[in-house]
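We call the chains A, B, C, D and E, going by the order they appear; numbering starts again at 1 in every chain.
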Amino acid sequence: MATNLGGLTATGTVRVHRLVRGFGSRAVLDGFDLEIGAGEFVALLGRSGSGKSTLLRALAGLDSDVDGSGVIEVPEKSSVVFQDARLLPWQRVLDNVVLGLRGSNAHERGRAALAEVGLAGRENAWPNELSGGEQQRVALARALVSEPELLLADEPFGALDALTRLRMHDLLRELYARHRPTVLLVTHDVDEAVTLADRVLLLDSGRIAVDLTIDLPAQRSHRQPQFLAYRETLLRALGVNHSEG
Amino acid sequence: MATNLGGLTATGTVRVHRLVRGFGSRAVLDGFDLEIGAGEFVALLGRSGSGKSTLLRALAGLDSDVDGSGVIEVPEKSSVVFQDARLLPWQRVLDNVVLGLRGSNAHERGRAALAEVGLAGRENAWPNELSGGEQQRVALARALVSEPELLLADEPFGALDALTRLRMHDLLRELYARHRPTVLLVTHDVDEAVTLADRVLLLDSGRIAVDLTIDLPAQRSHRQPQFLAYRETLLRALGVNHSEG
Amino acid sequence: MTASVLARPQGTTTPSVRKPGRRLKPGRPIPLGAAIGPFLLLSVWAAGSAAGWIDPRTLSAPWTVVTTTGDLIADGRLQDNLAISAQRAGLGLVIGTVIGTVLAVVAGLSRWGEALLDGPIQIKRAIPSLALLPLLVLWFGIGEQMKVITITLGVFVPVYIHTHNGLRSIDSRYVELGESLRLPRAVFLRRIVLPGALPGFLLGMRFAVVNAWLALVVVEQINSTSGIGYMMQLAREYGQTDVIIVGLVLYGLLGLLSDGAVRLAQRRALSWRRTLAD
Amino acid sequence: MTASVLARPQGTTTPSVRKPGRRLKPGRPIPLGAAIGPFLLLSVWAAGSAAGWIDPRTLSAPWTVVTTTGDLIADGRLQDNLAISAQRAGLGLVIGTVIGTVLAVVAGLSRWGEALLDGPIQIKRAIPSLALLPLLVLWFGIGEQMKVITITLGVFVPVYIHTHNGLRSIDSRYVELGESLRLPRAVFLRRIVLPGALPGFLLGMRFAVVNAWLALVVVEQINSTSGIGYMMQLAREYGQTDVIIVGLVLYGLLGLLSDGAVRLAQRRALSWRRTLAD
Amino acid sequence: AGDDTPQAALALGAPLPDSVPKGTKLVVGDKEHQKAIEFSGEAEKFSFEVEWANISGGPQTLEAFRAKALDIGSVADIPPIHSHWTNIPTKIVASKFRQDPLNHPIYRLGVAPGVTVTTIADIRGKKVAYSPGQAQGALVLRVLHKAGLAKEDVKLVELPSTGDVYATALASHQVDVAPIGGVQVKRYETKYGRDGATTIAHGLRDDPGHLYVPATVLTDPGKAAAIREYVQAWARAWRWREANPDEWIERYYVKDQGLSAEDGKWLVENAGVADIPPSWTEAIARHQETIDLLARETGNKRLDAADLYDRRYESVAAEALATENLR
């Protein structure tokens, strides 16, 4: 377990074995197995209601009230970006960002993180004075500022416009390059998945239907034929006729 | 005003003149002018925080507590899809959908609408038992079921996967063909804007920066060169270098 | 979670590398937990009495209370007094709840309603009921009417304040939703305002039920020859400690039961909520 | 909306085709609206007294109350009694608030705390304070200590119940956030639990401040030679209707002011909320 | 109360010690006469410490006795009886009556406006306010007894007699007849007299006023001696009150209690002259009648009135007055 992998320990590993989660008599995850290596960047695709958030909540240990069984191993230091921004409405934006931070320079780091997501100057706003996309970026800043070993992000860019989204991609990539956290990113955008991830999973009927390793250089683009091939594979697996998409 | 346009009255028209809206000393909309013809389908793009939701709320008459001035004309019967799903947590899904409906067949229509958004069988669930995308679809069903003259939709597909999103596009197109409401759709997806709308607006610095009429057949596809041209124009206007997108 | 085919994750998840997250929630309810505190209280009382630390002239021993209760039941006094008291409290509770709710809605949804009603209600609440009693006697006599009115006054105040507060605290996003759907006022009331204010209303009811019982102490001193308030008043004047303690225990029980009933209703009616308590 | 360079949309938006949405919110506050109800009450009282509908022997006219108040102030009785009462009420309020909050947090965050504390507190609440008084006298004597303790008991109950309820009603999404961030308990308490329970706590304070004043009526009957409760008690014994009414008016005023102060604090502390009231 | 001087307990029959040891303290609840003791200068002469408690009435003094928070209480006939019935044995250590008691009663029977009751025989069939356990309640029973009526011959309306409840109940015709006392009598007559409200004399002695002490306190020799000294001062203060009515009215009724001088004057006149007899024999006999009546009506056991008194103190007050007159 303590094998040293280029400065990173294997504690960054995620292992899920025979995970079952369900609501009432309906199983959402049904004997789900997953292994993610330390420092791996995995994107998770799946139909709406397929259980992506359920999986993330299980990995984050937040589902003690959900029926189920299985074995989960995750690193100690993890961050979650929830599907909703989930800012504390009674704390100002900066206080929301530094919520999990300790140490004297917490506010400084929080300010820097806010600046990185393009919200410098909004530190003292109340969360409900922010636009939808701004709230989402605060949540992102909160998750990134603590430099986790495992980042569980549930559609962190869903409410962002194309340009802001690209900036956030850059931010995430940069953070990833710096600390090499293990990342599990839920997204609905196939392009985003192929652009960012080392590996793309597709969740269907409670199991992994597609497990695609993306073998592309760090600089990726629509122009690369392999990119388009990956894209097409995934869209087809999602049931989308490419001519429409 | 009562000029008859093929069964539709001009009451479907939206007119906004010198609209000013701001928070504190910061103007978000600054002398904004807009005219949307009855039955026109308009997509609204814009940077996160550019004021899209502010505009929609003004059109819906929900911003009496916001500073500002201007003249607004909108049709009487409008529906709003909020950026958050905004389901009443204490009402079951079906009751949320039929909230604004009157008449004896309200429940029947609600059920049908839920089936159309792919949620048949979930009528009796509580909203917080739904996944993010499911909640968004309930909100969509609620807005569509009342057959409005004006549909104001704030990123109604943001939390949906590619396939579900296409299905919802079809649903919206079908409804649009049937009742010809005036539509103002906020989206971050340029492809979506070009695919669905007659006209695409780009909001920047409180004014309309781009006003693009989409001259494409009803059946649109990525393969059409004009489609790609529109797409590129818009992405560039949004500040995205196409090679990245 | 009905007819679940799945087990809770408890045991099976255990071989995980880290503990399942820092548990900040209070955790699962202790079975029969609500009985522990009262039971402990009873034990201390019994132990103190048995050991002689508690002077039986001021606090009779539990067994004395049991035998006195037995006597009171045997000669029919307890159940008769309780029945008549319950009738008064029940009537006052129903009327007070209706009035409190209606006034809260009126004052909550209209600024004029609030301007007219809220101040006087706050004043009413601030005036000691013992001081108000002579006026009530003057206006409503010393008959049953005055008694029910006094109970009603004690009940409607918490219902009003809590419902009003609950209503005013409804998230404006839901109000906007109502406005955007052009809901008629009646539908708005039924679908948004009342359910949204329900948590507040129910908290108010927890005070209302207890207040209804408490008001008996005051009203049953006036021209009564029945009721548990009268029974206790009489016992106090005659210095019958054991009867007083029976009365206090009865009050404690009635309070626990009424409060428990409202909390049960709370749990049922607010099952849609996901809170710290779950 | 500070230093706004923009005007409210009011006038300028008017030439729109439809009215600006069905207004379901109560609308803008009426300036000085809170004064209207009490003022009306006063008018009715004054009119009734002037027209002779109100018997001055049972309800003195407002002007009589004013002159009596003047007399009471002139010979120093009113302010002295008020000062000593305020001191007692204030002390009881502070202690009761602290105890209520601490117990609410303990019972709210731990099932064992709840099991041990909640039942006894409900029982305490259900027992009439007049009946509890003899026991308090027994344990704490007839001095100042007993008085402050009795006030404290009246104060801590609403603080406890409201804070506990508020805390238990915190949206579990925020608790999950705290768990996902591995917040230490102290931070969780300071950042999530306490602010989340603040609306409940403040509602409890609205009851607590009024209860502190009301408790005076009871405690100042026992071995007191000062305080407004004593003043009213004495006036009742001597049948001085006008002094009694001065006392009632004083209670009404104190209630309105204390409640108003808490509501002001509410508005400030909860400014982040967007509710039906805005 | 509460100081546990390690002294041998005093038997209840043993002769009263004369000297008051240092550090002895008495807690006294006698809110009216306390002021007379203070104003007359008696309070400064005590060789022990006095702590005044504003506790009055039967239930309150009994509760305080039980809590060991009070040593001496000042009450009428009824509370000493109840104390024995509720197992807090007490002893009367001083008794004060009124000269010409029938014309200086504490209570009168208030009659509601428009109701004709001129003698106590007229109350047959009327609604009479009744507070069981309180002095007024016992008075009603005694009045009925004297008028030869049974409880069933009138309609007893149970009402607590606190504050001005009875006057209000009369004025609003909730009851026809109710015993009212003190300044309430005057208030009632002046307020409602023009509506036809009257008060009548009940013709019974209602003048006893006692100082009573828990029997346990009397076993403390220091306290027993201090009580003796207190009783002497108490008696002299009565004389002071009668000798200085104007000062009493001004300093007590007006300044302290907030009444008008007029009210104070009425109260002083109505109270008449204190009678502090050297012998309790007659008083005990009258007390016995009250006990018998109450025991019958309430179903309590019969008591021997003599047991209520500590006759070691019988002559203390009267002798104090006699020696004062000699000085």
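Just so it is clear, a contact is a pair of C-beta atoms (placed from the backbone, for glycine too) under 8 Å apart; a residue touches a chain by one contact, two chains touch by 3 or more.
Chain by chain, the UniProt names read as follows: A, B = Aliphatic sulfonates import ATP-binding protein SsuB 1; C, D = ABC transporter permease.
Here the structure is a predicted model, which means the values were calculated and not measured.
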Interchain contact steps from chain A to chain D (ABC transporter permease) (minimum; 1 if touching): 1
Equivalent-chain rotation between chain B and chain A, CA atoms, steps of 5 degrees: 180
Computed distance of Cα centres, chain E from chain C (ABC transporter permease), in Å: 42
Between chain D (ABC transporter permease) and chain C (ABC transporter permease), distance of the C-alpha-averaged centres to the nearest whole Å: 18
Gap in Å, rounded to a whole number, between the CA centres of chain C (ABC transporter permease) and chain B: 48
Shared-contact residues (touching 2 or more other chains) in chain B: 23, 60-62, 84
Two or more partner chains touched - positions in chain C (ABC transporter permease): 21, 23, 55, 58, 134, 138, 173, 179-180, 182-183, 196, 236, 273-274, 278
Junction residues of chain E, two or more chains touched: 66-67, 163-164, 168, 171
Chain E-facing residues of chain D (ABC transporter permease), complex: 57-58, 72, 75, 77, 133-134, 137-139, 141-142, 222-225, 230-231, 233-241, 243
Chain C (ABC transporter permease) residues within the chain B interface of the complex: 173-174, 176-177, 179-183, 187, 191-192, 195-196, 198, 270, 272-274
Of chain E, residues touching chain D (ABC transporter permease) in the complex: 29, 31, 53-55, 60, 63-64, 66-67, 69-70, 162-164, 167-168, 171, 182-184, 187-188, 191-192, 255, 257-259, 263
Chain A contact footprint on chain B (complex, rising order): 23, 45-49, 52-53, 83-84, 129-134, 137, 154-155, 158-166, 188-190, 221-223, 235, 238-240, 243-245
Touching residues (chain side chain A, partner chain D (ABC transporter permease)) in the complex: 60-62, 77-80, 82, 84, 86, 88-91, 95, 99-100, 126-128, 142, 146
